[in-house]
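My structure is below; once you've seen it, I'll send some questions.
Chain IDs A, B, C and D follow the sequence of writing; residue 1 opens each chain.
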């Protein structure tokens, strides 16, 4: 799907229009996905690259972003619980980034007005790493980080 | 075909708390099989949660989200008996939509 | 050291018997040694009929040597000192030292061996080197937080005991065949059962006994 | 060097193992606390529910050549009765003349009632990527229907008691290249392998805690695992050959461990590392 068309669709009401088009049979589900999945951002390997792909500048460290139900040590890297709450006013989205994963960006969550800027999910971590909670609020980016240690489990083989 | 999600939606104070478990391999595309061949990536890319046709959460995921994904969040409003609807779409264009009644 | 072990075994066995007695009423306490031997042999036969060969692992893994047989038989009851001595003597006789007389290899390689649990499982590739999985049971280098406690901490093993020739020989012998010093030890006999190669044994001993090893920091 | 005598060496060993510095000890305490937090954080959503849901659907649907559901499958409490059934297994089934655990009984129903071949019924005993196991889903559903029920294995029944006693012997059987027995890892209190606590299965308390939380969703594998799997994978790590699914030894060991856990409130499917 070419970029211009994507931008036009986005400009013309974002997902609502896309969903209408999909419902009308104009788009296959794959097109909806392609339009709405930021491949460039998910391919990035550094914070700078990720920020560029997301269209933002350098994020500002913020004490208004907190991790909850997120352990310092994960017993298994295949499932690492991550909870993030943002108290930054006008939070629009929350993203989870893992510094030492093959690709840095794990997930982004757009938070519409009326939804609490607080969520929890589970991610994979290949090794001990810093995990970043990146918040977009009123067009600006803020960040908090936490180191999570990943341990080797069981009989190790 | 993809298996159903397990969705719980409960009124907590003046909000609705949504907890969902999804059935998905979330294969990273980084792992190798026994023969040393890369196992192709297979993962959910988009998750959309709606309540009364209003989007309450819109997520994009990469393969670093854990297998059989779990997600929990809250949105303002929502009343017992109303529906919460969740749709995911993966990188193979497979998609699944499930609904839960707010309790 | 063995004396402590015996005491522990005795206490453990008493507990188990007491609990089993409570479960069965009198059934257990009236069981004769003949009944018990019969049960033992039925259990062994049932085990042998319940496995199949897979990968590199053949059914002969279930054929016990004398040490295994005795340790199984006495696992749930006090190990008589005479039996313990028999086991230790037989295993002591198996210890072989390297022909070149060098007991210390490369601790860095030893650390990798200590971390790896690969080897001898149905799921393992026999062409790949086996590990000793020391961290599964022992604390070693302080940086590794994920260590087990089935065996004692080996942190500062050499530093605490002294980097003496005698201690190096002891470390070698203990890794080679733990049953030589502690009858019915939980520790595999890495040299005697050819789990590790001679070079690997040297590397593991280096991890314990080289002053430069992080274990001795 | 050949004249060196290891026994003398052993005597020479001064057990000066007070080498754990306070710093290291403190670090370890916080490690254990953090692992506890990790486990706590996982309790919120257990993917085992996905298996339970699939198993429940499977239970009621016609299956196999005879197109019969599990409605007539007797898990020991009457045809089709699921509630509380798992808490009484393994038990002796006169129709099969055998002590059976849940998994073997499910296979028996598939073969004898649904008309499947033994080979088909046991084709995928343990699931993996791209191969789902019906048995794991059914076990998740059935065991979930015993949540909160007290484990009550009939140790006064002669066949069950015999299997219990045989299982106890097997628990202490040492073998393989590494001299491991079940008891090597599960015969002492307060031990860990790496950071995983090892239940002492020779104590009632240890057996209760461990047995009452299987089946379980294993996050390390992203799969729902049954007790048959638990035994199979323990033996793999013991460097034993492959434990045959539903074999007599697997039933005997299950009878031993379930019997020791008698009286515990059943709390599965659980979620574990």
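The working rule: a contact is a pair of C-beta atoms (placed from the backbone, for glycine too) under 8 Å apart; a residue touches a chain by one contact, two chains touch by 3 or more.
Predicted, not measured: the structure shown is a model, and the values here were computed from it.
Student: What chain sits nearest the middle when you go by CA atom centres?
Tutor: Of the chains present, the most centrally placed is D.
Student: Express in whole angstrom the distance between the two chain centres, defined as the mean CA positions of subunit B and subunit C.
Tutor: 47
Student: Which integer distance in Å separates the CA centroid of subunit A from that of subunit D?
Tutor: Roughly 37 Å, centre to centre.
Student: Just how far, in Å, is the C-alpha centre of subunit D from the one of subunit B?
Tutor: Roughly 30 Å separates the two chain centres.
Student: In angstrom, rounded to a whole number, how far apart do the mean CA points of subunit A and subunit B lie?
Tutor: About 14 Å, centre to centre.
Student: Which positions in subunit B are in touch with at least two other chains?
Tutor: Residues 66-67, 70, 72.
Student: Can you list the subunit C residues in contact with two or more other chains?
Tutor: If we look for residues of subunit C contacting two or more partner chains, we find 117, 121, 123, 135-136, 145-146.
Student: Which positions in subunit A are in touch with at least two other chains?
Tutor: 73, 78-79, 120, 149, 151-153, 155-157
Student: Where do chains touch, given as pairs?
Tutor: Those chain pairs which touch are A-B, A-C, A-D, B-D, C-D.
Student: List the residues on subunit C that touch subunit A in their complex, please.
Tutor: The touching residues are 115-119, 121, 123-124, 131, 133, 135-136, 145-146.
Student: Which stretch or stretches of subunit D touch subunit C in the complex?
Tutor: 1-2, 4, 6-7, 9-10, 12-20, 24, 27-28, 31, 155, 161, 165-170, 172-181, 183-185, 187-188, 190-196, 198, 202-204, 235-237, 239-244, 247-250, 252, 259-260, 262
Student: Write out the stretch or stretches of subunit D touching subunit B in their complex.
Tutor: Residues of subunit D touching subunit B: 44-47, 49-50, 53-54, 129-130, 217, 219, 222.
Student: Along subunit B, where are the residues that touch subunit D in the complex?
Tutor: 3-4, 6, 19-21, 23, 25, 27, 39, 66-68, 70, 72
Student: Can you check the complex and tell me which residues of subunit D touch subunit A?
Tutor: My answer: residues 30-31, 34-35, 37-42, 44, 193-196, 219-222, 237, 273.
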